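Labels run A, B, C and D following the written order; every chain starts at residue 1.
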Amino acid sequence: MNTALTSTPVFRGVVPPVATPLLPDGAIDVESLRRLVESLVTGGVDGLFALGSTGETAYFTDAQRVLIAETIVDAAAGRAPVIAGAIELTAERVIDTAQRLIAAGAQAIVTTAPLYTINSQAEIAAHFRRIAAAIDVPLWAYDVPVRVHKKLEIATLMDLAADGTIAGVKDSSGDDVGFRRLVAANEAAGHPLQLLTGHEVLVDAMGLAGADGVVPGLGNVEVEGYVRLWHAVEAGDFAAARTEQLRINRLFDIVFQPTGLSGDATGVGAFKEAMFQRGLIDHPTMARTVTAIDETAVAAIRGILDELGLAAAR
Amino acid sequence: MNTALTSTPVFRGVVPPVATPLLPDGAIDVESLRRLVESLVTGGVDGLFALGSTGETAYFTDAQRVLIAETIVDAAAGRAPVIAGAIELTAERVIDTAQRLIAAGAQAIVTTAPLYTINSQAEIAAHFRRIAAAIDVPLWAYDVPVRVHKKLEIATLMDLAADGTIAGVKDSSGDDVGFRRLVAANEAAGHPLQLLTGHEVLVDAMGLAGADGVVPGLGNVEVEGYVRLWHAVEAGDFAAARTEQLRINRLFDIVFQPTGLSGDATGVGAFKEAMFQRGLIDHPTMARTVTAIDETAVAAIRGILDELGLAAAR
Amino acid sequence: MNTALTSTPVFRGVVPPVATPLLPDGAIDVESLRRLVESLVTGGVDGLFALGSTGETAYFTDAQRVLIAETIVDAAAGRAPVIAGAIELTAERVIDTAQRLIAAGAQAIVTTAPLYTINSQAEIAAHFRRIAAAIDVPLWAYDVPVRVHKKLEIATLMDLAADGTIAGVKDSSGDDVGFRRLVAANEAAGHPLQLLTGHEVLVDAMGLAGADGVVPGLGNVEVEGYVRLWHAVEAGDFAAARTEQLRINRLFDIVFQPTGLSGDATGVGAFKEAMFQRGLIDHPTMARTVTAIDETAVAAIRGILDELGLAAAR
Amino acid sequence: MNTALTSTPVFRGVVPPVATPLLPDGAIDVESLRRLVESLVTGGVDGLFALGSTGETAYFTDAQRVLIAETIVDAAAGRAPVIAGAIELTAERVIDTAQRLIAAGAQAIVTTAPLYTINSQAEIAAHFRRIAAAIDVPLWAYDVPVRVHKKLEIATLMDLAADGTIAGVKDSSGDDVGFRRLVAANEAAGHPLQLLTGHEVLVDAMGLAGADGVVPGLGNVEVEGYVRLWHAVEAGDFAAARTEQLRINRLFDIVFQPTGLSGDATGVGAFKEAMFQRGLIDHPTMARTVTAIDETAVAAIRGILDELGLAAAR
């Protein structure tokens, strides 16, 4: 399967999940998205993850998803490879979505275990194999039990690595003990997988533990810190990595400023507000049916940006 | 919104979730599906629920879903109203799916809270309102936390009833204490909602507790029992209802015959195998990536059918 | 084991979990407890469940538990049998507690799966067997996953029934589909177990489904309704049972009046406040470290009692 | 409260949770326990955690717990401070247990949120305050949601730190993102708490993230590695720490050798078997009602010990 794999780019290092700027009426803000991608690429990212959870992919129609992927690929202009999330209920539907995103220029696809269904690990493996067989770019597995409500077990992932079904894992499992064990299993197998952590506040520690990179949602707000942090990890300078991480973690406090709202409203809402305040995007608008954060949270986010000298444009 | 609501049929009584027969290659078995619908309609159902969990809706592409809805509507030929599941990630995507299913003839739409996302009850309410505003047939809420991993709270449902957003609830919550409280809240509000239970082994009890009907997956295997049972409930003859329920519950034991498989493989797998053995459909094939049940389970299911005199055609 | 079993009383019908009245300083209010037991016995109960969750047993020291059991047994004076909860971490500790409670007069013991530990169903079965072998009164199993975070599986319970380890089950599992299946398994085995439901708002329905009785926390506030309700169930008059249940369920709304508090504060807090208002106990004091309900909730509870003509003494 | 706090030892660095060796009949194996403590102390530990989860504390009676604490304190002979787990249902019961353990020589007490009950964070805070007020040694909080099924929130812990209720936290939450945030909150407050991680396979990473020490169950099998590892962390030599961690993590694979058993049987069972094989204790017996591991697992554990040159004495 995956015949194009040898010629396709490897995703490792800093691969932010690109947020999706919106116009006040809910339409995709293509100009802001292009500007955001430009800032990420010039900031030094190693790749771009389109249509992930931070990208609010679940809220968008098929047509919107294609527009988002096309815009990111076009704006990246070959300077950073693009992996796109095909987040759908089950294999046949993932394949449909993946094919549209590949046509839009995505160089790899990432997906989760099936949603809504009640499946065994064997069925989850069959799901990934079915998808990989139907697409001609690398497939990644996205482990995010807080959304999918199923864990991708280490044995399942290593089986899928062994036959070339998957090329990497984005780990947002919250289970760092399990991640350490996955790293060990991957090393024992000859490192067939790239293992990227989604835990943006633990990149120094997960780098020490053997992660191949990071997918930091907060990187949309300021990517330069993550680039410096990862370079320190690669250089083995963990003290420097930690120093950078601690600065970044103060910035991450923006997500705890909104209160009484859902996880989606709070996390991406804070990112978008900070991006808006920094002038990276034109509107902090969230996807439809997600509640906007209030003025108190907006002010608190501004205070954190000011404290860190992340000069707010607004 | 819902301008067509007054002229649309009410769903209550026995409304089975229609299974989706497949050909061995995974394609929709249209002829078997037509035959199944005919058997349900002549068996006395009050409505048909297309594209629910028993219908394996999550596994089908957009085109397959439309074909399934069209086939059921056409086979029902106006003898029973059809409500179709638009099971999708979020509101805009549900709307796209719902509009396709309405065009295919569905007379009502049922959907769940958003999937994959992390939302508040306020956002879940906004989700249903957004959908209801975009379609011109009645909208139902489907409460199935084992799949959606969010509970539709009573206050949320009654708010959505108060402004006419939803016309009914299919309750597969597993929370019968909550269901009893929902019934009470609905009565206090003047019965704006039809409340159907999905707990096919407790229909007598839930009928006593005030359910307006049942959505029995097992009704695909034998619907006549549920029709008799519900008539007994309506007549207030709970002893007769219980007698029928106990017979039915022995039949339900078919779902406990497969072992070591997932919930999807076991439940629908047993239904399809029994339907196949009874000659109601031509193949027991399950949706792609779901594991087939084994010969031991097949034999055990045959034994139960024989015991109950549900003469197997094969 | 359980050599005394043939001569011991059977627990079925209405067996309320006796609340534990406290003095304002947190000491056991023995006089109120005696008065409460008297009201339950004269109200027509079939048995008394001392030291259950409603009895706040988890919050009491060994000495307090003994005092509570002694008081209930003494006040019951042989007019109703007493089963006592030995709610402890693991088998050896349950045995210690059980022996103290048996010495205090308890005629049967009820306990849960182990707490805190991470055990298999085989280990849970061994736990019950170890306890039953060490005590000479009947042992019951209490299934309450919301507190124990483990489910007692049907196969486990029926195994424990088959060898005489347990004499009954108090089901507060919230899983009424499972309860119906347990009833069926118990019937198929010759009814070795008494199966009591803890779902006080579904007694009519669970009676129809085959429960042998009920353990209603709300029975502390007014037990006569449950006695009438259960008599109707036994007479097969489910319409009358439902009518009584609906009246009772309005009373149950008292537990939804406190807001922003924990489950323990809300449920038992409302019961104790209503008992206090009705003059059944002298103080609404809850066990230490549980937050008291506020004046708004107190007033709302008074309103519900007034509406139902449950003349408040205060 | 805690007037003795200033003169009491600080727990940081390597503080293993001491396993509890048993005789084949289930009695405490005092001689093996003394020998184990000697090996830990001479191995360089900074403190000893008696009666934790690895110590199987939940399975022991009050008298056994006292014997265990006395033995550990006596064997340590002042060379390492001893903190003891008072793992009980609720505050009054914790206090009873704690007072017995303090009388047995424990220099600090650690406990969890209440068990079995359904409490708010405010009630959990009241629980810890009630306990701290009743004992005159430092109190620690043990965060282990996999057993307690409640999370100790960061705000709760920092409130309890602010008024001196708790002196430290043993974190076995599995939530390393939350641990990093707790470290940051603790630093911002002036480091009132000692924060020990229970994640024995991530000590290098959690050390980088700011942990003050580790409570490694696996340290019962070989403590010298953890001492070296922690010295490397303290020296800022994270490459050396990682090298040691990777060797240790291979040893940790012993816990994955037993199959089909519970978490308690598997984890502590593997530790005890390896300790037995290394000659550190005389019997691998587990606490009553826990299933013993089988010969296949025993052989696999032996293989791992051999591979690592941890010369098996048996």
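Criterion: a residue touches a chain if its C-beta (ideal position, glycine included) is under 8 Å from a C-beta of that chain, and two chains touch if they have at least 3 such contacts.
Since we're looking at a predicted model, the values are computed, not measured.
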Where chain B and chain C overlap in contact partners, by chain label: none
Distance-maximising chain from chain A - centres being C-alpha averages: C
Rounded Å distance, chain A centre to chain B centre (Cα mean): 36
Whole-Å gap between the CA centroids of chain B and chain D: 50
Contacts with 2+ other chains: residues of chain D: none
Pairwise touch network: line, ring, star, complete, or other: ring
Contact footprint of chain C on chain B as seen in their complex: 174-177, 180-181, 184, 199, 201-202, 204-206, 208-209, 236, 238-239, 242, 246, 249-250
Touching residues on chain D, where the partner in the complex is chain C: 53, 58-62, 64, 87-93, 96, 114-120, 122-123, 126-127, 130, 146-149, 261-265, 287-291
